[in-house]
């Protein structure tokens, strides 16, 4: 019995050593083996499996993936769910052929990716605006002008550039925000004495939100407020809950997100001005929250592909993509 | 070299987040020690409760930290305190268990002698039981602290701040330097806590 | 001093009582040994005295006071307590251990310090050397000494000892027993002593309470126990060689009295008077003591006859074969055998003559048993 | 008698599996809103459980297969120095948070399942390796001395003395590693490896407690199940000598 065990043990040892080697190599080869979407032999890109990279929120939101597939009438072969922001890398590295992203993300240009046009106007508009609790605004009416001045200066190109400075060049969001505000003359170099406040500024946890949050912080500080920096709170509901419960006083929310997620409407709005009006009215009445001037850029969701893939396959819009996927399934 | 330039350009942030992480851990551990020791002491007086409590603590440990923190959000909102409560729940098991066993493993002769000499239960607890169980309790606190420093990184996800922010932002931005910075700081914090508590533990030992 | 009246203890979850209707009266200054096989209820009985165990029925009186009316903490603070495992507090120094009860009683620090020193000296541990050590640094015997010192710290009139020497090796045990007897001689505490070792009981006890299955079988002096066991159980417990055991276990001071016929004279007694006395002497000699009863020596019939005149102080010869009061009868026998004499004088610490043991008396004892 | 003890053995794991199924069915039937329902569908829940199981089983078994022999190897007297060095490395490495390990390998190896398995493998390697080493080192030297004195070969000493004596400690390491692994695997969803973490993270990010609760319960049940099964394996092997 025991001697049998002894030989069994040596066998196990050998097997284990082999396994160890295998795992070592397997792990190493992980990047090399991309999920079957490499170009075919004749330079004609063949995507064997239509895998889609999405973050957790997008994969379940009513205006997210499930509805998108319904409207365009197609279905991805597989969905890889991952952290927000990782999708760009996943697409760039060839792990997936299609990924979800935000229209203003700096990495789109830098990674050689393209946005697919939302030709059926599925995605609602997402213009961000500072949302402030009314009590705070009543106490400090000047906040309306301080924070309201920022939005109109931000168009899509500007925002992509700012985002790129963080995500590509590795600058700190706060530094990017400071540079921009200084250039625009919204703040000055002098250090103000912080006599008012405190005001708690929040943001969600992704680059654009961090920059916008930093802008609020800097602008308020410049106007002599003592500011508690609570930016980087996580997802939408987390920031929203924090605002409604008074844990934070202000953060930048997107009109479309508020309309669908926070206010619980099912039907998205596709016009920026309309969305802003409706959202600010309802939020004031229901939640005592005030929406200040919204930014010019529309950071809606977008579907992205690698530029060369898209060009070779002739995909420009989401409808093109849907057609291509449906054909591949036949 | 990339890494060092990254670290060099962010000393203030690294410092601030490390402090934040430390405060998170200290707050959680302070509360966990009070709660854990009190619970651990109480259950030594009633055995059936002890088994139940220890079992519950053990179950708590099997809940993934991410899920535990997530479940606290509907109750506590997001932010520092959610992280603190989550970390408290995780550190309870080692502290409660070690307090319990530390006291239970005291030579019954010592307690009988104390009782026979006319010491009242309060004095016995404060002067005999707790000092004798202290090395074991300290070991539990050390285990809990090292563990909680690591879990604290995940607590950033629910807005508790701390070094996890480096890691989460690093993931989002695919930034190895950032993740590495977070990881190293957390490790250093854990090792430092371990060393300090080891020292305290040695001091607490009466032999 | 301590009185147990119809005391019964039934533990929860047990049908048979651990102690059944027990009556026991322990006098002040007495060492009462509770002896019996394990599970006979001796420890339970002892613990009912300091209320570590509450009697189910019956009453325990101390100095005539019902103990159930006294706060148990108060009660225990005035009863010393020593257990086999000693239970020294390992995190405290020896001095702190001994100071436990005085501290609980809130004595002033200086008084505590003095008391601790006094006690450590009493049990033969140098306070300078051992005071600041931890229990782990001490040998088993030393720890047991500290345990005794700790129990006596607040000078309680009563001491409860549960197999206090049970965990040490036989040689150390004998040493501790002798030391304890010496201390008790000075302290005169009322002591309840639990042991399962009948030899220890006979050696230590003024009174022995033999217990069996929760009941008191015999309560008597060691001599009575050996000479007249109440029943087979006691006889068996005491063992077959009772007579030899008596020699081994019974201390000479317990049998001293009018058991011999040896005259004792002061040193200024005229020789002439000795002549009359020596005739009636069992050993053919008289013992001579000084004015404070300290033994000087003996004067044999021959010495007396040859002297013709003078006082006893002039003619006595020093007596080499004496033994102390703590010695056993067998010690006495071996001294007699060593010196080839049929007697041995017993003296106390101050060399005062307390009695004499003769071979005839020892033979008588053995014969008694054989009968 | 035989049947009874067999039933007793199977009862707990079976109960846990049933509890898991009950949890899954309950939450799929009561998803608590349309948003949560998108994750809480039978095929999706089954897929997530499968992914999670696969991740844990593959990484854990590979970790056991690698760490136990390695632990034995570094406990050989000839490699004493190496053993001490590795022991210290493990102690330091264990303080690196699991999230960071996953994240770091994501930046090195890329996203996805294999990266997650590799990171989990590496992370659960540590406690098993440490316990194997510590377990063998805890065998009293005089026991080995005695065995050597009786003329046993080093191999026999290893298989008949050291391993049986170290066995409980090794198993404790394995159990800890696996339970921790189940929890750590929930983090793998951050790097696109799926598993129950997907449910939990989605639930947190859109504030749907049912999703978090379902994911938490399922992964906790999985951890307890693994612990129980490993405990039984431990006892079974112990009984057989």
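In order of appearance the chains are A, B, C and D, and numbering begins at 1 in each one.
In this section, a contact is a pair of C-beta atoms (placed from the backbone, for glycine too) under 8 Å apart; a residue touches a chain by one contact, two chains touch by 3 or more.
Here the structure is a predicted model, which is why all the values come from computation and not from measurement.
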(request) Count the smallest number of chain-to-chain hops linking subunit A with subunit C, moving only between touching chains. (result) 2
(request) Look at all chain centres (mean of CA atoms) and spot the one farthest from the centre of subunit B. (result) C
(request) Taking all protein C-alpha atoms shown, work out their mean, then name the chain whose own C-alpha mean is nearest to it. (result) B
(request) Select, from B-D and B-C, the pair of chains that is joined by more C-beta pairs in contact. (result) B-D
(request) Could you put a whole-Å number on the gap between the CA centroids of subunit C and subunit D? (result) 65
(message) Nearest whole angstrom, what separates the Cα centre of subunit B from the Cα centre of subunit D?
(response) 22
(message) Report the inter-centroid distance (CA atoms only) between subunit B and subunit C in whole Å.
(response) 57
(request) Calculate how many whole Å lie between the centre of subunit A and the centre of subunit B, each centre taken as the average of the chain's C-alpha atoms. (result) 34
(message) Counting only residues that touch at least two other chains, what does the list for subunit D look like?
(response) 106, 190-191, 201, 204, 207
(message) For subunit B, give me the residues that contact two or more of the other chains.
(response) 73, 157-158, 171, 174-175
(request) Give me the residues of subunit A that touch two or more other chains. (result) 83, 86, 89, 234, 238, 241
(request) All pairs of touching chains, please: list them by chain label. (result) A-B, A-D, B-C, B-D
(request) Enumerate the contact residues on subunit B facing subunit C in the complex. (result) 107-120, 123, 128, 131-132, 206-207
(message) With touch defined as at the start, can you tell me which subunit D residues reach subunit B in the complex?
(response) 92, 95-101, 103-104, 106-108, 179, 182-184, 186-187, 190-191, 196-197, 200-201, 203-204, 207, 209, 212-213, 215-216, 219-220, 223-224, 227
(request) Flag every residue of subunit C that touches subunit B in the complex, lowest number first. (result) 50, 52, 72-79, 81, 83-91, 100-101, 104, 134, 136, 147, 150-151, 160
(request) Provide the residue numbers of subunit D that touch subunit A in the complex, in ascending order. (result) 34-36, 38-39, 62, 65-66, 68-70, 72, 105-106, 109-112, 114-115, 117-118, 121, 155-156, 159-160, 163, 189-192, 194, 198, 201-202, 204-208, 211, 241
(message) Show me the residue ranges of subunit B that touch subunit D in the complex, using the header's touch definition.
(response) 59, 61-71, 73-74, 146, 149-151, 153-154, 157-158, 164, 167, 170-171, 174-176, 179-180, 182-183, 186-187, 190-191, 194
